[in-house]
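This report refers to the structure that appears directly beneath it.
By written order: A, B, C, D, E and F. Residues from 1 in each chain.
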C-alpha cells in the first residue's frame, strides 16, 4: 500500500506542515499540492467541497506525495467511509465532544473486526494499491477535533480512545467554548493555555496534537511549542491576501 | 441599460484597475469581484474557463459593479457573440495582426447595421436591462491585443479601426515578437519603448491603451506612463504568491 | 451586515412574497430573482439542488436584494450550518414534529452561546460583510415546517420555541396528516381551518406564519387571511404551465 | 436505425411542432420533452448549452420519441459532426448566406462519399442503432437559417442546395436584414412577406420551410400559411411568462 | 404509473439480472442500460455517484425499460426519499442490522398512512406518470442488505418486516461478519451456506433473495440455487477486465 | 521539464502502446492510466470530452507517467494551444489533407520563432516544470492524421513537413477514402497496403507511423509490421466488451 506521509513523518517525530483547501476546484488543489505541503485537507465542513466533488480534489492531490486528508462535515460514518473509499488517507472529524464520539469516528475508519467500515474501496484500491484492504487499518490517520465546552470537559477520555491518532484544535470554535470571540492565531493567554493543555493531554495518551494556524509566525510558534502538525494557510486566504496586497500597494503608489 | 464601469471611467479619463481570472470557479470570481477591481477579465485563451463555464463566472462578478470582460481564445465571431449574449460587457481579442482582424472583432460586437452580431442576448438582457439590444452597441467595450511582429507592423492601421475601443498589450507574446524571452513586468528598454509606442499610436487615433502587469509597482509605473487601464494581478498568481510566502517564512522560522 | 429583506419586511408587518426553486440551475435562479420576489427558496428536500450545487444558486440570487432561503432536506445540523456558511439568509426545516426538533433547528442556526453553529462562514462573510459573525444570530431567519400528525399535536410547544422565527405550512404533507390526498391550493375546509389554526398559534407566540401556495388567487387569499409570507409559484411549475398553455392553444387553433 | 420523427411527419406532409431549449439543464429538457413536442432544439448559438453540456440534453430528450435537434453556434464542421456523434437527429445552422455555406453545412452532416463527415458516432450508434453509419445520411435533417441581407440575396441558390432539407427563418436577425428592430412574432407586412417569399422559394426547390414563433397564435397563423415546422415557445420564455402572470395577478389581487 | 420491471418479473417468478454502476457518468449509464439488464443499481455507498449527480444517472437509464435502483449510502430517510423523488424505482439499503432498521427503510419508501415519505416527487411524477403518488407505494421495491454479525443474528426478524420486498446479500461485508477476508464470488462453504440460509429465511417470509456476484459463472450458480435476483457485473469491473485482457494479450503476442 | 514518455521510447526505437479515452470522466481516465499504457489519448473529436472538461482528464492521467495526448476536434490553433496550456504532451490532429494543414498544426504547437504558439502555459508549467516554455518545443509531440483521399494524394508532402513527429492512421475514415465501409481492424488487403504505404512514407521522411487498432491481435500485427505506436483499445469499447461477455455467458449458462 502506498505509504501515508503523515504516518511516516510522525514515526520519525517530525512536524507535519499541512495546507487547507476551502475552494472546491481541482486545479487550485493541484497547484497547492505542488507547493510542498506534507498534507492537504479538503474541507467539507466549512469549505465549498461536497461529497460529489471530493474525488477530483483527491485526484489532484494524488499527482504528488502530499497526503490527502478530508475534514468531514459531521461525525457521520457514511461520509467518513465514502471519503476513505475515494482515497482519503486521513480523516478529520469536527465536534468530538465525548469518548463515544471519538470511538464512533475511529470505528468508521477501520475495517472489521477493529471497526465497522464497509468494504468497497472504489478509488482507494487504485490509488493505494492491491493490498489496500489488508493494510488500510494501519495506514489511515484519524484525527478528532476538540473545540467545545463539552469536548474540553471530556478531553482526557477522548484522548484515551484506542485507535484515535491525533487531536486537532479548531481555534475559532474553541474561542466560543472559552466565551471569546473567534479570531485567527488567537494570542489570548487562556486560549493558548487551553491549546497547550490539549497538546499535553494528547501526548500523555500517546496521541499527536495538531494546531490550526493562519500565518507562518504563529505556526512556527506552534512547532516550537511541540505540536506535531501545523495547518499553515488556505488556498482562499492566500489568494485574498495576495490580491489585497497588490491592490493596496497600487493605491498607495498612485495615490488612488 | 446597466452602465459599463470601464466606459464610465474612460469618459472621465480615469485609469481602470483590472484583475485577471485564470481559474474557472464562480467562488473565486466572486471573491475577486468583492476586492474592488473596476473590471475583471475571464480568460478563455490561456485560463481554465471554457464557454461551457463562462456564464457562472459572469454571474459571480455581476453581484458587484465590477465590469465583466472576457478574453476569447481566438478572433472567432461565434465565441465573441456568445460571450456577449451571456453578459460580457467587454471583449478582449488576442492576436490582432491586421486592420481586417480588428474590424472583424468589432463587427462581432455590434448589432447591424454597424456590425454582424446576431440577436439573442439570453442572459445579457436580464443583466443589462430591457433596452439592451438598443444600447449595447454603445456600451460594450472591444479591446484588441497587439502582440506579434505582424501586429506591430500594422499597428497604425489597427489603431485606426472604427469602433475599436482600446489596444491591449500582451507582454509575453510581445516579447516573442521582439525576439526576447517572455518575463513578467518586462523592464527591457526595447520592450518598454514598444509598449509606449503602442500607447502613443492608440492615443493618436483616439483609442485607449491598456497594459498587462504582474505587480503593483509595475502597474503604478504604467499608470504614470499614461496607460488607461492596468491589469494588476490574477487569482492564481495571487494564491501562489500568498502560499509561497507563508511556506518560505515557516521554513525560515523553523530552520526547516 | 447586509440586511435580510425578510426580517426588514416583517419588522414593518409586511407580507413577504416568496418564489420556489425546484430546478438546480444558476441561470433560472437568476432570472427568477430578477422577477421581483422578496425571497426565493432553494429546495434541497424535494427539488434538484444538492449541497454540491447550492452555492451557485445563492450567488445567482445574490445579484439582487432578494433574500436567499434554503430548505434543507432534513433537520440536520451539518446541512443547516453549511447552507448558512454558503450564504443562506433563511433556513426552512421540514418535518418539525416536536419542540425538541424546533430547538435543534434553531441551535444549528445560531453561534454560541445561543446555539451550536460552528464558526467558518466561507462565503457568508463575503456576501454578508465583515461583521457577519457578530450579527448573524440576529439576521438569519429560521422557519420550521409543521406538517405531520405529530407536529400538529405538538403545535403549541413548537411555536413556543425561543429563537424560531416562523412556522411554514407544507400543505401536501399536511393533507396526509389530515388523512387527505395532497392537492395544490387545498380548499378543503378542514385543511384550511388547520392552516388558520397554525397561523393563530404561531401569532400567539409572536411567530410569523407562512403559507405555501400554487397560484396568485390562493396566495392572495392567504395574504388576506393574515399570513406573513406566501410562497407563490416555482420555476418548474411556471415553465410547465407556460408551455402547456402554448401547446394547448396551438392545438385548439389548428384543430390538431 | 431509430426513425427521425421530423422526417416521418414531413413524409406525411404534416407540420412539425418544435420547442426551444435556451436553458442548459437536463431536467428542464426532460420535462419539455414530456410535454408532447415533435422536436426540440438545443440552442448552442444564443442558448446556454455548449458542446461540453450537449449530450446530457440529448439523453434527456431521448427518453421520449421527440426528435433531438441542435442549433450549432456557427457553420463549423467540427461542431456539426460532434453534435451528430452525440446523437442529434437534426442540425440547424445559423447565418447561411450563400450556396457555398449551405453546401458546407450539408457536407458536414453526411458521410462520404456524399459529404465529409468523419466516422465515430460515439453515442449516436447506441441511440440510433447498429445500422447508424449505413443509414444516417438518409435520416439526419439539415436546416439552414436564412436571416441576413446576403442570405436573402442568395435565397434561390441556397434553396437549390442538394441535400439541404429545410430553410429555417430566424425572425430577429431577419428584422435587422430588413432594417427593422427585432421583435417577437413580427407582424410587419414587409417582414411577413419576406417570410412567405422564403417559404415559397424553399417549396419551389422541394425544401421544407420552418418558422420561429413566440406564441400559439402566431404559430397557428404560420401553420395556416403553409409552413412545415413551427417553433412554438422556449423553456425560458415559458418560465418567465408563467412567473410574471402569477406575480402580476397577486399584485393586482392584493393591491400591492 | 409506468410499471417496475423488477416487480413484473417477480410476479412471474423470474430471476432479475441486475448490473452495477460504480461510475458516476450518464453516458456509461446509458450504454449499460442498452446492454439488456433488467435493472441497474446506482451505487451511492461505495460508488462515485452522490446525490448531486443522481438524477442524470436515472435519466440515462430511463431511456430504456431497465428498472433504476439506487443503493443509498446509509439508512437515511432524507436520502431515500430524495432518491425516490428523483425517479428511483428500487431502493437498496446497506447495513440492515435489526428489524427496526428494516422498518425504518420501508417507512421512508412509503407515503402515509403506510410510511412517512414526504410528498414532492419532482422528477418521479414526470417519469412515473400523473398517478405516481397514488400508486408508488405498490410499485417501489425496497431491498435491505443483511451483511453484519448483528444482521445475521436478527435475520428472521428482519425478514418478517412488513413492506420489505427483498433481502440483498453483500458478500464482502458478509465475509467480515463471518471472520473471513472479502473476496469476489466467495466459494467458502460457510459463506455459501450463510447465503443459502439468508435466501431460505427470506423465502419463508415471502421475501425475495438477491445475490451480488462478480461473474456469469457464479451468477448462474445463484440462479440455480434459487435466488430471485443476481447482480452480475459493474461498469468499472467490466472496463478493467476488458482492458487488462487486451494489454495482457498484446504483451504475450509481442513478447513485451 | 518532465520528460515525454513517447519521445523517450521513440528515441530508443521502442513501440508505444496507447489507450483511448472516449469517455469524459476523470475516474475512468485514472483507472485507465493505472493499467500500464505508455500514452493515453483524450478524444475531443468523436469522444465525449470537450475543452471545458479536458483538464481534469489530464490531471487524472498525470498521477502516473503515462503521456497525456489530446486529439483535437479540428486543426484549430486556438484549441491546440489551449490543450497544450492545460498540459497535453502530445497533440493528434485529424483530417490533415495537405502540407499546409500539417505546417499549421505544427506551428500551433511551437513557441516563436519556430511557430506561433501564444505564451501562457497555465497548468503546463505546474505539470511540466519551471523550464517548460524553454523546452516545450522539443518535448511536445505533434501527430497528424492522414485519412482522406486528399490526404493520401498529398502524403509525401505531408510527411515532409518540418516539425511533424508522426503520421497517425485513422482506419475508419481511411476506409471511406478507399471507398470501403469502415470496420474495426480492417483486414482488407488494399486497406492494409495503404497503411503500410503511409508507414513507409513516414519513415522515409524520418517520421514515426502510428496505427489505430481495436484488438491485441491486430495491434501485435502492427507492431510486427513496423509501426512505432499502436492504439490498442478504449475505455468504452473495453467496458462494452466486458459487459457483453458476462451477459452472454450468463444467458448461455442459464439457458436464458
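The rule is simple: a residue touches a chain if its C-beta (ideal position, glycine included) is under 8 Å from a C-beta of that chain, and two chains touch if they have at least 3 such contacts.
If you're wondering where the values come from, they're calculated on a predicted model, not measured in any experiment.
Undergrad: Listed by label, which chains are in contact with chain A and with chain C?
TA: Touching chain A and chain C alike, sorted by label: B, E.
Undergrad: Once chain C is fitted to chain F on CA atoms, what angle does the rotation have, in steps of 5 degrees?
TA: The two chains, chain C and chain F, differ by a rotation of 180 degrees.
Undergrad: Quick check on chain B against chain D: do more than half of the interface residue numbers occur in both copies, making it same, or fewer, making it different?
TA: Mostly different residues.
Undergrad: Name whichever of C-D and A-F has more C-beta pairs touching across its two chains.
TA: Output for the comparison: C-D.
Undergrad: In angstrom, rounded to a whole number, how far apart do the mean CA points of chain A and chain E lie?
TA: 35
Undergrad: Approximately how many whole Å separate the CA-defined centres of chain E and chain F?
TA: Going by mean C-alpha positions, chain E sits 39 Å from chain F.
Undergrad: Counting only Cα atoms for the centres, state how far chain A is from chain D in Å.
TA: Those two chain centres are 53 Å apart.
Undergrad: Could you pull out the residues of chain F that touch at least 2 other chains?
TA: Only 27, 31, 48, 50-52, 55, 76, 123, 236 qualify.
Undergrad: Give every touching pair of chains, nothing left out.
TA: According to the stated criterion, the contacting chain pairs are A-B, A-C, A-E, A-F, B-C, B-D, B-F, C-D, C-E, D-E, D-F, E-F.
Undergrad: Applying the document's contact rule, which stretches of chain F touch chain E when the two form their complex?
TA: 15, 17, 19, 23-25, 27-28, 31-32, 35-37, 48, 215-217, 219-220, 223-224, 230, 232-233, 235-250, 252-254, 256
Undergrad: Enumerate the contact residues on chain C facing chain B in the complex.
TA: These residues of chain C touch chain B: 26-27, 30-31, 34, 55-56, 59-60, 62-63, 123, 126-127.
Undergrad: Quick one: which bits of chain C touch chain A in the complex? Just the residue numbers, please.
TA: My answer: residues 50-52, 55, 76-79, 81-82, 85-86, 111-113, 116, 118-123, 133-134.
Undergrad: Okay, in this complex, where on chain F does chain D touch?
TA: So the residues of chain F in touch with chain D come to 22, 45-48, 50-53, 73-74, 76, 94-95, 147-148, 170, 172-173, 175-177, 179, 181-182, 236.
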